[in-house]
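Look for chain A in each of the two complexes below; its partner is chain B in the first and chain C in the second.
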Partner chain A sequence: MLIGAVSIGASFFMGEGHHEGGEHTENHEGGEAAHHGEGEHADHVEANHHEEAAHGEHAAHGDHPYHADPSMNDEFHKTASRATRENNHFYSAEEHHDAEHAHHQVQNKPWANLLVNNFFFLAVALGALFFLAIQYAAQAGWAIVVTRVMEAMSQFLVIPVLIMIVLIVLGLGHSHHLWHWMQEGIMNPASENYDEIIAGKEGFLNGPFYIARSVIYLIGWVGAALLLRKMSLKMATTADPQRHWVKMRNLSAGFLVFFAVTSSTSAWDWIMSIDTHWFSTLFGWYVFAGMFVSALTVLTMLVLFLKSIGLLPEVNHSHIQDLGKFMFAFSIFWTYLWFSQFMLIWYSNIPEEVTYYMARWGEYKGLFFTMVAMNFLFPVLILMSRDTKRNYGFLITAGIIMIIGHWLDVYIMVTPGTVGSHWSIGLVQLGTFLGYAGLFLFVVFRSLAKAKLMPEGHPMLQESKYHHI
Partner chain B sequence: MHYEAPIRKPLIIGDKSYHDITVDIARPVETKAPRSWWLVFGISLAAFLWGIGCILYTIGVGIGTWGLNKTVGWAWDITNFVWWVGIGHAGTLISAVLLLFRQKWRMSINRSAEAMTIFSVIQAALFPGIHMGRIWLAYFVMPIPNQFGSLWVNFNSPLLWDVFAISTYFTVSVVFWYVGLIPDFAMIRDRAIRPVTKHIYKILSFGWGGKAKHWQRFEEVSLVLAGLATPLVLSVHTIVSMDFATSVIPGWHTTIFPPYFVAGAIFSGFAMVNTLLIIVRKVFRMEDYITIQHIEMMNIIIMLTGSIVGIAYITELFIAWYSGVEYEQYAFLNRATGPYWWAYWSMMTCNVFSPQFMWFKKLRTSLIFSFIISIVVNIGMWFERFVIIVTSLHRDYLPSSWSMFSPSFVDIGIFIGTIGFFFVLFLLYARSFPVIAQAELKTILKSSGENYKKLQEKDGHH
Partner chain C sequence: MATTNHHTTIINALYDDDDILLKGVKEVKAKGYHIAEVYSPFPIHGLDHAMGLKRTRIAIAAFMYGCLGLITAISLTYGMMIVDWPMNIGGKPSFTWGENMPAFVPIMFELTVFFAAHLMVWTFFIRNDIYPGRKAQNPDPRTTDDKFLMEVELSGDKEELMSLLRNTGAVEISEKIN
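And then the complex of A and B:
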């Protein structure tokens, strides 16, 4: 019955994803392949369309001395390389009318869209794994009744990390230009594309080391997710649950150390190196804050959904309120880090840093401030009161706003450096998001259906059931 | 109903009743101070008086008496200021953040930690005051309309934000501390024999009667203050970090500073709490309340925050290289290998390596080892501020003005004086205030006391 209910839940959500996505067929079990295949296909169609439009524009304007097909023209290469050497390569193509760049940016669109959604859902799964490890490491008792949901969320992790590695390999093969430093010859002094600053980063930003790091993340994170899940399932049958629990604590502590380093380095790798010239010491922690708050929000909404279909009767108002508190507190924490990074760069106003926000202040200004409002004002105002944190309607409203807000945050981190002024948010983005959401929910519900929702044998389970504030 | 997993260890050891707790905690206030107390108090007072002498000398002659020069315009003064403010973080963190996280173990340590917070913020506030030179004009730091023309404070300056942040933090910390003290003062009042003592504690306890309504208001106020204090804990060191980070000096201007400073502050604050409480529990025979488990918890927080700080150091170092900015790269190269290399490596050893020993249960439950590490950490955190401040300044953009800093006897004297002042205050506190929040502690006796836990186990779990 449990499995049945969860499966119905899964198919319902999946169905909704497909339906609203528009680009997807009603393929419930098809999962991964179907989603991605179609999602990307749709993106490409859209991108091709834009590409044509962009070329058409250039031709019509006649601003450029060269033909619409850049590879035929030597003149083009010179212009392009000069423009690349000038620092502000990632900002507003309109300034230097760089056709190759515009071409890359347009070509990047579907890839950037994939990266945004992939990273967002990666963050949700990784944030859940982090929260799960915290429960063990901190000897927390209250949240044990929802640890199975965290476990299920973390099981999704393997998919986006693998896609990330595929994206990297494709990038190194020049299929797209998401990461500017992967451009051919950019670190070669003899090349026309040479960029001295980027070449200085070669020790860190080079193909083999870059891939190696991503593979290390894959092994460390996914390994921890699978192991914690496996040990948690064993808890019910093991002879000495207390010792088993101590083992899980040690594993969690080990993972947290690994995570403390890799959460930052992965953010530098995958996101910060898009704007290759730019740097910020806080960036890793900022990305972590967004990751954690997204995961908490998704966790809360999943718990509310499971409760609404009659599961998780052990989860009471106190648990729900505590989850709401976490959403509230870490929204403020995210804002704190957002403000710290933004304010310090704005205040000092030095060129090598401020360019990052100049780009976001320009064409993205509306989106930028909408995002901050959604991630700060709404959660603070909605979730301040004790009563709203115990009201499903308020929690879901806040949750939806926060999920969109943090998706936008990732979007604004990725998009300016990859597609510049060619950004848009439309059905393609929505479809990819829903496709990912469907896949995510499919994995989560399948994982939830495989085991009892209460981690039996857990030494803190009883305390969690009696949780009352 | 409340239920606690049997796996949790007791927070109050021994066969204690409510009355036993009262007697144990009132004892230091009701008995005469031992000779050792007078000895330590005497030493602290002497150091304090020496510090006052140096401060008066500074005010009389000017800050030219310090070791500052035209390149290094900030050194020990700001180092000490940040060091003391940092130490002043643990108290409110323990009482506010751990309250919000419902950590019961905070109840034996929050009182002393808050006292420490208040006393160390007082030390910190001294430094900007005397650094002004003309301390009698100190009221100019407040944005008051004045009759000397249109002279206003610079609202763009993080130094002014410091004034607001620290004074707010101090006020809220004192109120928070005092609210918690009220029922405990009432306890001492009720037990007092001498009329003068009774009268003093009567005034201090605001007529507390222990009625249900009193308790309800008490808990409400505590929760509201905890909510207010939590963002304040973060704001204070955030703004202190902005004193540096809003500048364009390599080594100072870096975006990670706000959260990294906060982590460092909690780190040093917990180390100081450990230093003080390991002594207090021994001298006042409070081992049953401040248990090894309490020390262990604090050691774990020290390890955690020390590692966060370590990650921040390495992030700074890495990003300096990654940035490709020559000045940024040099600032960090100079830190690690320049003339102040010894300060940098002292900082690294004390703050990043030494807390890693706390991974071993044997070491983090050893009192002697914990005590040593707590001192080492505070030495390291002093060096951290020194490294950030002095090494970033002493070699600026113009090599002809490069110089070194060496402290004068006044610099050293004032620093020692603040340590003396701090201990004078803490020692006075320890003999006149209940050092453990006994009223709060009593609320967990039945769920976390050893005797009650044993009873529960015997009778089955409910």
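And then the complex of A and C:
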């Protein structure tokens, strides 16, 4: 954690250093690598530590009543009647035909931790890219003074998407069991691991198509991020920036259509397929809302930081207030989608659907409510007034709460289905988060340092400088 | 607010461009005159700031109305669904407000919005002295089309103010007849 904190501090320092033409890149990367090594090491120690506990539980599971009668277990599974309050064991029961299950959950722990942090930072970068594309597609003028920050954030995208693909390949190779449907033989009627419900989803959830989809996301998203960046840099030198701007608008509009589909499908792929039996038609939007609000919050924090060290004098109170408005509005949007999904499932109480919230209601109850309070109550109450949206202290307080809150939201999406009752939030999670944050800030500040912070040549730059509300 | 004090004389200055009017407002204000009212066919960005109007407090009122709506919704659902005629909601016959709260959230949301929105409109009407059937206060009907009118309270020499207004680009200057 200390190294993570140092790495964050260093990356802030590096960011400034780069603006002044400092040459500490290699030194910093060394620190980063060291940190990652440390993080993995800690993960492994943790995993070993839990190994013994897992064996103990493993033995205990042998006496479980469901195991005594395999046919009953099967029946139990098909009717999905595990969604009853009395059955506290249902995460175990869900995959009880797999005697290795508890063992897998513990093995999953470092992987799940990686997935949570990876997805959170992927969401931040992707949300920034989405917001950038909106500026062009909507021909918005006000935000041009901060588009370079959005561009820099979107440049990070390639790293977490590649890590995601590595995770998927490792999962298909059975190195971990984050995605339950990747289990060997789960779609084979002859196998003892056979699961009829999951086998029915084989058309969508199969290795080659799954990897192909992730590669398509990689190409589409990272391609858009790199192209928008390249064209925006060209505007400063080209004789006809107007033409470039029209091209960027068309590209952004195309990307938004692509994003509309892929933001949903990627959420199904990477997050929803963890709880393979369960599905929610609102899930893609819910994940998108969390993604966008996290990105807006990080964007606002970065802009405030750059402004406070005097690098963005063009950003005035109206820009800051507008960013605050976006944070406020999309916190409510997130809550709306979260609640829409929750209330319908709570109200109908159908076993197939309600399992998802039973898992989160049980051992995760405290986290679950903390997360909702952090993501709804705090931003609403802190950012409602015009004056607080113009006050750095209030914005930063709300921003830190929202970043932690949305990280917890991702944690609660991923963890119950992967590690079940073996969850914990400790130094490993914090260290990985800080490591990712350090890497993210390093990439962001490096690409910020490469170009002028004002997108010169942009036809709407002047309008943005005079933005006043 | 078109409240007219009969002890002061009002000079009307008519403009035909909103930018010229805004510049005029700033110049007249800088000379220390009090601008009673400006009439315009559309909202002019930055005009209230230039006129030196106080910031509206309607947001605070809206927040309180919203809280009132929320409290109303909570009492309403509690009274009707829990106390007066306990309802079995979604097969969860817990009969407590807290356990059934998710089902009441839409009502809480709607009544909060309803109270905030409607009471805000009525507050606005009352504060601006508007009611159905009220005679229009507009001194010149052309300000509903393509002209802008500034009402300045006269203090000091009348000719001096008139020439100042003429210099700011006013196309018509007259004394308001009460």
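Here is the rule we go by: the second predicted complex is superposed on the first by the 391 of 469 C-alpha atoms of A that agree within 3 Å, B and C clash if a C-alpha of one lies under 4 Å from a C-alpha of the other, contacts with A are read in each partner's own complex, and residues count from 1 in each chain.
The rule is simple: a contact is a pair of C-beta atoms (placed from the backbone, for glycine too) under 8 Å apart; a residue touches a chain by one contact, two chains touch by 3 or more.
None of these values were measured; they are calculated from a predicted model.
**Student:** Would chain B and chain C fit next to each other on chain A once aligned, or clash?
**Tutor:** Clash: chain B and chain C overlap once superposed on chain A.
**Student:** After the superposition on A, what does A:H468 contact: first (chain B), second (chain C), both or neither?
**Tutor:** both
**Student:** Could you look at A:Y392 and tell me whether it touches chain B, chain C, both or neither (first, second, both, neither)?
**Tutor:** Neither partner.
**Student:** I want to verify the contact counts: of chain B and chain C, which reaches more residues of chain A?
**Tutor:** More residues of chain A are touched by B.
**Student:** Of the partners chain B and chain C, which touch A:Y194 in the superposed model: first, second, both, neither?
**Tutor:** The answer is neither, since A:Y194 touches no partner chain.
**Student:** Using the superposition on chain A described above, determine whether A:Q341 touches chain B (first), chain C (second), both, or neither.
**Tutor:** The answer is first: A:Q341 touches chain B but not chain C.
**Student:** Of the candidate stretches 201-209, 417-425 or 453-461, which in chain B collides with chain C after aligning the structures?
**Tutor:** After superposing on chain A, the clashing stretch of chain B is 201-209.
**Student:** Residues on chain A in contact with chain B in one complex and with chain C in the other?
**Tutor:** In the superposed arrangement, which is not itself an observed complex, chain A uses residues 347-348, 468 for both chain B and chain C.
**Student:** For the complex, give me every residue of chain B touching chain A.
**Tutor:** 1-8, 102, 231, 234, 238, 242, 245-248, 253-259, 307-308, 311-312, 315-316, 319, 322-325, 461
**Student:** For a test of understanding, state which residues of chain A touch chain C in their complex under the given definition.
**Tutor:** Residues in contact with chain C: 339, 342-343, 346-349, 384-386, 468.
**Student:** Mind pulling up the chain A residues that touch chain B in the complex?
**Tutor:** Residues 139, 141-142, 196-197, 200-201, 204, 242, 245, 257, 260-261, 264, 268, 277, 279-285, 332, 336-337, 340-341, 344-345, 347-348, 350, 352, 459-460, 462-463, 466, 468-469.
**Student:** Where on chain C does chain A make contact in their complex?
**Tutor:** Touching chain A: residues 45-46, 59, 63, 89-92, 102-103, 105-106 of chain C.
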